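A, B, C and D label the chains in the order they appear, each numbered from 1.
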Amino acid sequence: MGMRKVAIVGAGMTKFMRRAHETGKELSWEAAKIALDSCELTLDDIGCVVMGTAPDAFDNIHMKGDYLGDGAGAWRKPYIRGFVGGGTGVFVADQAWYHVASGLFDTCLVVAEEKMSSAMPHPQGNFITCWDMFTESPLGPSLLWFFAWEMNRYMHAHGITEREIAMVSVKNKKNAMDHPAAQLPAEITVEDVLNSEVMAWPVKRLDVSPTSDGAVALVYAAEHVAKRITDKPVWIEGVGWCLDTFYVGQRDLYYPKYVEYAARQAYDMAGIKEPSKEIDIAEPYDPFDYKELHNAEGLLLCGKGEAPKLLADGVTQRTGRQPWCPSGGALGVGNAIAATGLMKVAELFWQLRGEAGKRQVPGKPKKGVAQAWGDEMQVGTVIVLGI
Amino acid sequence: MPVEKVTQVAQTKPWYGALSSKYGEALLKTPEPGLYGQYTYGIAGERFFREIKDNAKITGTKCQKCNLIYVPPRIYCERCFEGLEEWCEIENKGEIHTYTISWVDLDGFRLEEPVILALVKFDGVYGGLVHKVEEISADNVKIGMKVSAVFKEKREGSILDIKYFKPI
Amino acid sequence: MSEKIKEFPGTPLSEKDIIEKKVLFTEWHPEFMWAWDTGIGYGRYFAELKKGRIIGTRCNKCRRVLLPARYFCEWCFRPVDEWVYLEDTGTVNTFSIAYTDWLARRIKKPRIPALVEIDGSGGVGIMHVLDEVDPKEVKIGMRVKAVWEPEEEREGAITDIKYWKPLKEE
Amino acid sequence: MFPKVAIVGIGYTPFRTITPDVSFREMVFEAASKAYEDAGVHPQEDIDSFVTCQDDFEHGRSIWNMQTPDNLGAVLKPIHTNCGDGILGLIDAYMQIKSGLRSIVAVETHSKASNVINRNHLIAHATDPIYNKPLNINPYFIAGMEMNRYLLETGTTKEQCALVVSKNKTNALFNPLAAYGEKITPKEVLDSEEMFSPLKRLDMSPMADGGIVMVLASEEKAKALTDKPIWIRGLGWCSEAPSLETREWGEAVYAKLAGEMAYRIAGIKHPRKQIDFAEVDDTFSYKEPQHMEALKLCRRGEAGSMIEEGATQRQGEFPINVSGGSLGVGFLVEATGPQRVLEVVLQLRGEAGRRQLPDVQVGLAQSWRGIPYASGAVMILSKE
């Protein structure tokens, strides 16, 4: 189609924390500043800003995109806040791509921020204002109901056990040991996960990622600018996003069709025919351990129900053939919703440049895919990066 | 053939919901606790309000590059994005940059006595504080008028530690 | 450049810092409310629940039943063609056993939220809860029946169905 | 690379003070059905991507985005939400098409403002939680403060602002979509209750409900779909400082910068001469002259006299807010900007009925995000 080539040239992030002292604006600035410094650009060099931040209910500020503007570097600049629930983090990476690819801008700063600790008495409480106000919220559902249903359905459809799934949590928390910004790195065992407190069967405490505060930022540049800035640009090769119906009873939860549709858009654009072979690193969204497997199947990295086997065979370990969540993912680094999505894109950026330090995946990876999921089991957002 | 639309007012019925301290009562029909926001002041806000609380002093941060002093203070300059670390004390003497006389309260009810609200800017400072102005009648307020902050005796570290601004 | 970033910024606080007020913070208790228009589809859906019936709609083009009842078919993007009464029995599509409530607090008696596929709908589920059953006995595929509030206490809401209990089929 | 982009379909519901007969979903369905019919497209078969614009709490929901796909027929399609005025949605669609990623994109915005019981609390929730919110005051004071400073800096008068109200509400009488058309004199405006002095009750636009959907297409698709495409010639958007303390109070900087960007893209050097009419934001009466100046439709300080001379009347030399604006149509929250674009499209297509302007070729639509923020967008459309 002759699209304009767009590269990521810089990345930055804050620590992920259960409670940050910083305000949301300050978190945004800390991440954005590091991202700009990393490619030796200043705010003057930036054409536009894209903000990704999930529900207003977390930071507890109505119109919070506008509120965060100055911290994200949007002062007197074109500024848009994109939003697809939990899938926002990777979506804004897509959105920033078409800001630059449209030819309107040569550079774009994309910032994702979340300060969930502002939501009291517990961030999870705010989810009750998410569901259908007429037919769902009055039943007093917790967020975990949906995940538990989906996990149950997934296990039922393929005969997968809780034990097989628990290994995801073990792997990701261990991967996070090497991430200096991680909130919950740990060496745990499958038994620890299985024996942790049951929250909503089959979901147990260690199946779940923590709530977090944090921010991540990336700098995008068009080809001619990127080449001046760096000799190691990471190209955005494919983008895709997709939403399924709002009505949960009309979907079969065992498989994320919306992730598949989003992935197919991105792979088509990137010219990838066999993702299971061509992708070197994947960062599927893992707010719950089963979710990594579920999403990876949606990303067509393996067949339906086959993800647990890849995990068991060590294929998805950092040293395996196709590492999944080498960063440590939401389970290990922390789940600051939108920021976590963008953290996954940042991780690919660092990995493909060979700059991931102790987390570096061996064998000079060339292609990576990051994905986020959101809403009421509805959203798939995907980005494919390559060098 | 499409199903019938709503044609009778008597058929319409709204469904109520809330996001308030009465959340559970309104929606779940149980005396549940409400949802609320808790906001830390952040790195700059913490120091700013500590100064107000402990010393009744207004402080700002300075951007050397843009030659601007921020009140409320920031840890970054919104214009050039540099980190700001230099703090300075601001004289408690400002000027009304603009004001309004509000005749309505937050619930939308008319006030018996209107409230004067103003943005007070300080000399040489980029920014200022939004607050009430008292000890003056609504007819006499003017843009450009000099005012100073009146602090509470017992302060807790909040914008409400300033009771109001009064004319000098 | 992750390996070149010496120190990631961020200042973590503990819960104690807040409880003991080691840092300054402020709170805001929002007081806003909404009155959402239920409209054509949900308006009738609620009116029928008050009468102790579950109603859906059907699109004659794709032959699907839409539940909860809606005015238009999202796939064919046209108004639906008819109202259809459904059974108050169904099959458990998936379920959970929840030991925490919506605010992440432990609860004494676990709740059993489930997606119940309503009979007559062609497998469309709604969110609800199960009761009168030992959590250990709940299975995907289990048959259940609605337990309604007494007629005088129904108010035209999804909670007019108290819960669903196992259906003993003869 | 970079195809031209046109608006090829519009659909809308009338704008009413309340709409209890339909849920917001059914309202969007109505607007979308009309837009798709107008463009001759089916959402599943033809449209590549969808954009909606809405803030969560406008609906009292935390993740409103989840409720969007069904209402637009966008199930299992790319769709996302921008939290901001609807013109940002059109801009987003424009960029998706320009980049070559999509060929046809639909944009939806709507208002169900009548469903919000206490808007003051809602808007207060948008103010800075540390420096502003604890004062516990009605957030519309921000408009009063801004009006005061603007009048002082430019010499515009309250009487001139009242003329804007009178003009726009009278214009709305000619717009069958508008909810607040009234024959009203400037004196009646000046005599209405003091709210946030100098702002009076009739200086503030009242709320309205309604839905708007537009279909945008690349040049190739546009030419195949319609014989009356309306081309997007220029667009710009900008955020001024979000904090009350550091923003510019006398001048609408966001509109100025957004306008400059749009003019640059459209190649417009003399807006007043090269544009035939404009729909600018008039959420509050003083916003219209303030935005006229920011958009360089007149020099700073001259909007008041331009209004007095009748130049901005429907029959005037440069008609502004022929639709009735927010003061006459009603404030449509995120759908406010698209309502302006809608009017420009109707006028350029020659479908504006009794309020049709003769021989118009190029129109401008502008939006402001609203209290308490200072961001906005501009879009320039033309027949050719």
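Please note the rule applied: contacts are C-beta pairs under 8 Å (C-beta built on N, C-alpha and C of every residue); 3 or more make two chains touch, one makes a residue touch a chain.
Here the structure is a predicted model, which is why all the values come from computation and not from measurement.
Shared contacts of chain A and chain C, meaning chains that touch the two of them, come down to B, D. When the C-beta pairs in contact are tallied for A-B and for B-D, the bigger tally goes to B-D. One simple way to say how far apart two chains are is to compare their mean CA positions; for chain C and chain D this gives 36 Å. The mean-CA centres of chain B and chain D are about 27 angstrom from one another, to the nearest whole unit.
Once the centre of each chain is set as its mean CA position, chain B and chain C turn out to be 38 Å apart.
Contact of a single residue of chain A with at least two other chains is seen at positions 19-23, 57, 60-61, 70, 75, 118, 120-121, 125-129, 133-134, 138, 140, 245, 247.
Contacts with at least two other chains are made by residues 20-22, 57, 60, 69-70, 75, 115, 118, 121-122, 125, 129-130, 134, 241, 243, 246 of chain D.
Under the contact definition stated at the top, the residues of chain B that touch 2 or more other chains are 5-6, 12, 14-15, 17-19, 33, 35-43, 45-46, 78, 158.
Chain-to-chain contact here is organised exhaustively, every possible pair of chains being in touch. Touching chain A in their complex are the following residues of chain C: 1-5, 7-15, 17-18, 23, 27-28, 30, 34, 36, 38, 42, 45-46, 66-68, 74, 93-105, 113-115, 117, 124-129, 135, 140, 157-159.
Touching chain C in their complex are the following residues of chain B: 1-3, 5-6, 11-22, 26, 29, 32-41, 43, 45-46, 49-50, 53, 157-158.
Contacts from chain A toward chain B in the complex involve residues 19-23, 25-26, 29, 32-33, 36, 42-44, 57, 60-61, 70-71, 73, 75, 117-121, 125-126, 128-129, 133-134, 137-138, 140.
Across the complex, chain A meets chain C through its residues 11-22, 27, 30-31, 34, 38, 60, 120-122, 124-125, 127-128, 131, 133-136, 138-145, 148-150, 152-153, 156, 180-181, 197-203, 213-214, 245, 247-250, 253, 346, 350, 353, 355-357, 359-360.
Chain contact summary for the complex, chain C toward chain B: residues 11, 13, 18, 23-40, 42-43, 46-47, 57, 71, 78-83, 103, 156-157, 159.
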